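The following pair of complexes shares a single chain, chain A, combined with chain B in the former and chain C in the latter.
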Partner chain A sequence: MKKLAILLVVALVAAAPFVVGGYETNVLMNALLYVILATGLNLVAGYCGQFSFAQGAFYGIGAYTTAILSRDLGTGFWFNFPVGIAVAGLFGLLLGIPALRLKGHFLAIVTIAFQTIVYLTLSQWTSFTGGQTGLPVPSIGPVSLFGTTLFEITSLRSYFWFTLVIAVILLFAVWRLLQSRIGREWIAIRDDETLASAVGLDTTRGKLTAFVGSAALAGAAGVITAHAMRGVTPDDFTIWISATVVAMMIVGGKGTFIGPIIGAVLLTSMPEFLGGFAEYKMFLFGVLLVITVTLLPEGLIGRVRRLRERFS
Partner chain B sequence: MTSVPVLEAKNLTRRFGGVVAVNDVSLRVGRSEIVGLIGPNGSGKSTMVNLITGELPADGGRLIFDGADISSQPSYRRARLGMARSFQMLRLFLSLSVEENLLLAHHIRMKSSMFDTIIARRSAVEEENSVRKRARELLAWFDLEEFADNPVSALSIGQQRMVELARGLISEPKLFVLDEPAAGLSPPNVDRLITLIHRMRDEFGMSILLVEHDMRVVRDLCDHVVVLDSGVMIAKGIPEMVVKDPVVVEAYIGSGWKRRAKA
Partner chain C sequence: MDLFLQYLANGVVIGSSYVLVAVGLTLIFGILGVVNFAHGEFYMLGAYAGVTAVTLFGMPLPLALAVVLVFSALLGFGAEAILHKPMKNRDATSSIISSFGLAVALQNAALLTLGPQPRLLKTEFSTIPIELGPVFMPLQRALIPVAMMVLIGALYLILRYTWTGRSLRSMSQHATVARLCGVRVERVAVVTFMVGAALAGVAGFLMSSVFMVHPIIGNMIVLKAFTVVILGGMGNILGAAVAGLLLGITESMTSAYLANGLRDIIGFVIVIAVLLFRPQGLFGKAFERS
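Take a look at the complex of A and B:
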């Protein structure tokens, strides 16, 4: 039943480009990327309880990894994709290490600092990153197996379908991760770190795994977006991206699997309905965030669950 | 069985600023022994527990657990070596179910790797199922089976105390350190607790270090008692003798404990 519903939703999303125009397809594609980003942040912040404001930085690290690799080594997407994930994961580990000693606001400040350092590096180290003008990235192009071309990823539609496939695979992996021992351990660390250690859990390892997993997902989204956009600029990976991802996770409902997905779709599509007011979207996200935090501490999904319990 | 004690604490010391909360205290817990740690409020019992289980670093002294020096091991390592504990201020994972609280404490005994559980390898699934079965059995032992899927926050204090004990048991510890397990329990529940602790020792062969306020519990359960006052060990021996020791009685009177000592 549940499987059928999920299949149906995925099929509907996949069929969307046949119904809507190119602009809307682009919005949907963005929504998919944000679903990956918000789901990633949710691992470290929602499940493990370690707040991070750096998801945009890891997104950028993934994107720039593939841009620099294709510039310097001429390698294509299939090589760059795992490398981009790994490099972002490595930086996740790097941020995780100081984070081990910090909590709450102090941790948030360190992640903001990290985000800022990454942005400054991308925009100022011109010889390596191309500076403010960024770098061009080739399209993914033809995908072939044993010498025969299966399909080509060049058009917007093909990118959208490709991203959908990747997103479904990543979400499935995350779901399995959360059902496994490690998911339970992350919740334990969030609930009570002292107790988690007392029952024998290596909380250092648990937190670092969450940081790495979270960053790796952002890295995956980054590699895809770099190819889809045919290029990267530092302004695609600012702290505003991080703030948007945080808002998505919280509005949807952190610490639940489905919450950040709903939050990402909602906040990506919302500005499209605002017409001329779309440029105030960050303001709107801020207001939504404040409303959620004060009125719906468990996010939209938490409220929906409460209502469902009451009526059943 | 060998005569190597499960736990040997040697000259443990811990200061908080100017306060010496634990001052050069030594104690040993033999195999399948129940050792009591008593003393007035603020005498350093919980601090002693935290030094033993590793929640607090010691300023001096050594800890030998099962023949090995564990003085520099962090608390999660001590747990893996076979130490379990309960907390004076009850601690459970509040957003998890009763069963999940137990499962977490058994993670350290599980053999399948993280990767095995993610790809749901057959052996990992079987192990998880057998651990769940074990958790249910233990919960049945504590009359909590029907609450397995409830969030722990839905239970009464008395039931939560029992979940804490079950959590310790499922990790199959060599030493179970209990910090005032009777606190907040009604008299009939205290009786149940005494029976359960007896059974834990007799049926699981466990060694227990029991911090307790309630003299009745101490007299019913403990083979040996160590008495602390202001961080210093002032007496030790079998419960009957220790309660009569004038130094101990003096410490009790000083803190209004005579009533309880006689009760």
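Take a look at the complex of A and C:
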């Protein structure tokens, strides 16, 4: 039943570009990318309990890895995609090391500092990253297997479907990961770190894997974004992106699988419903964020679950 | 050597604004445990209020300063009602998110009503040059560190010798015990936000003659203020004052002797190093509490 529902939702999303126009498809694709980012953040913040404000930085690291690789080595998407994920994961490991010693606000601030350093490096190191103007990135282009071209990823629709496929694969992988031993270790660390290490869990490994996993997902989203947008600029990877991803996770409900997905879709599409008030969309985004956090501290999913408990 | 002194003076001017913003931030964090991302917007709106008061209404500087103080304090009053009052007994993440939302809302409100074109404050003091040995700067710029010292000095005296100040300090030491001793916690929260916002607003006004004023100036200043708060030790006012000046001087020296591009990065690199090796801050004492 549940599997059927998921298949139905995926099929509906996949059919969307036939119904709606190019602009809406673009919004949907953005939503998919944010689903990947928010789900990644949820691994480290929702399940492992380590707050991070650096998702935008890993997103940028993934995007710039592919941009710089295709500029300097001329390699294509299929080579850059795993490399981008690996590089972002490596930086995730780097950020995870201070996280072993710090908690709460201090950890939050280290991740903020990391995010800012990455942004400033992207915008200031002009000879390597192109500075404020950014770098152009080629399209993914034709996808061929054994010499025959299967299809081409150049149009907006094809990028949308491609992103959808990647997102579904990544979400499935995350789902399996959360069911596995490592996922349960993360939850144990979040709920009581002392207890987790007392029963023999390797909390160091647990935290580091959560950071790496979270960063790797953001890196994947970054590589796709760079190719889909045909370019990267530092302003796409500011702390405000990180904060938006955090907001998506919180609004949806952190520590639940579906919460960040719903949060990402809601917050990406919300400004589009404002119609005539489009001018005010960022303003209303801020106001809505304040209201949601104040009224729904456990997120939408948390509230729904509590209501369900009350009525059953 | 002459240039070195000039860089030092420039660093002190910039550092003074960091001190004013960071002291408010560290007060709000130390006393209420609120991580306030909207603090940079107090700075931005204070700058706009001041520029408007001087250029549109032709107020003299001291009067404009008073207007900025009152206006920012009112902002702080409003921010407390949004960020702290409904958020009691929640973890810090809630205040991080809602203050981020408030920051976005205020920035865009400013963008919608005031427009994106940057402004610069010019007053009768901007053109009076003063020279101290080899150091040269307009009088208005030289007044910034002076104003900072007066304000921080006044704050220090208030915290040390008045009942309000004592109740603020007792809250930062232990909120529950303070409440048991009859400290009016709600009032302290409001006062803390008002003082913090007023300091940031004044900093924005003072700096409006040095840097252009536009709706997103708050972003970088709040991040830098956070680094200052960490360097000084969370909740440590004197630490924040010293660290703010140090950051300003370090930035000025970095852009002068290393590379201009490194100017904004250096503070964040230092903060990560400090958190790794001395998490209690440069001037903080390590302590444990159950």
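What we mean here is this: the second predicted complex is superposed on the first by the 290 of 312 C-alpha atoms of A that agree within 3 Å, B and C clash if a C-alpha of one lies under 4 Å from a C-alpha of the other, contacts with A are read in each partner's own complex, and residues count from 1 in each chain.
Rule of thumb we're sticking to: contacts are C-beta pairs under 8 Å (C-beta built on N, C-alpha and C of every residue); 3 or more make two chains touch, one makes a residue touch a chain.
The model shown is predicted, which means the values in this text are computed figures rather than measured ones.
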Touched partner set for A:V246, first chain B, second chain C, both or neither: second
Partner chain(s) touched by A:V165 [first = chain B, second = chain C, both, neither]: neither
Which superposed partner A:L12 touches (first chain B, second chain C, both, neither): neither
First, second, both or neither for A:R176, with chain B first and chain C second: first
First, second, both or neither for A:L201, with chain B first and chain C second: first
First, second, both or neither for A:D192, with chain B first and chain C second: first
If touched residues of chain A are counted for chain B and for chain C, the larger one: C
Touched partner set for A:T116, first chain B, second chain C, both or neither: second
Chain B versus chain C as contact partner of A:L274, first or second or both or neither: neither
Interface residues of chain A shared between complexes with chain B and chain C: none
Chain C residues within the chain A interface of the complex: 29, 35, 37, 82, 86-87, 90, 92-94, 96-98, 100-109, 112, 219, 223, 226-227, 230, 234, 261-262, 264-265, 268-269, 271-272, 275-276, 279
Contact set on chain A toward chain C in their complex: 51, 98, 101-102, 104-106, 108-110, 112-114, 116-117, 120-121, 124-126, 239-240, 243, 246-247, 250, 279-280, 282-283, 285-290, 293-294, 297
Chain B - residues contacting chain A, complex: 53-55, 74-76, 79-80, 84-85, 87, 91-96, 100, 103-105, 107-108, 110, 114, 117-120, 167, 171
Touching residues (chain side chain A, partner chain B) in the complex: 173, 176-177, 180-182, 184-185, 187-188, 190-192, 194-203, 255
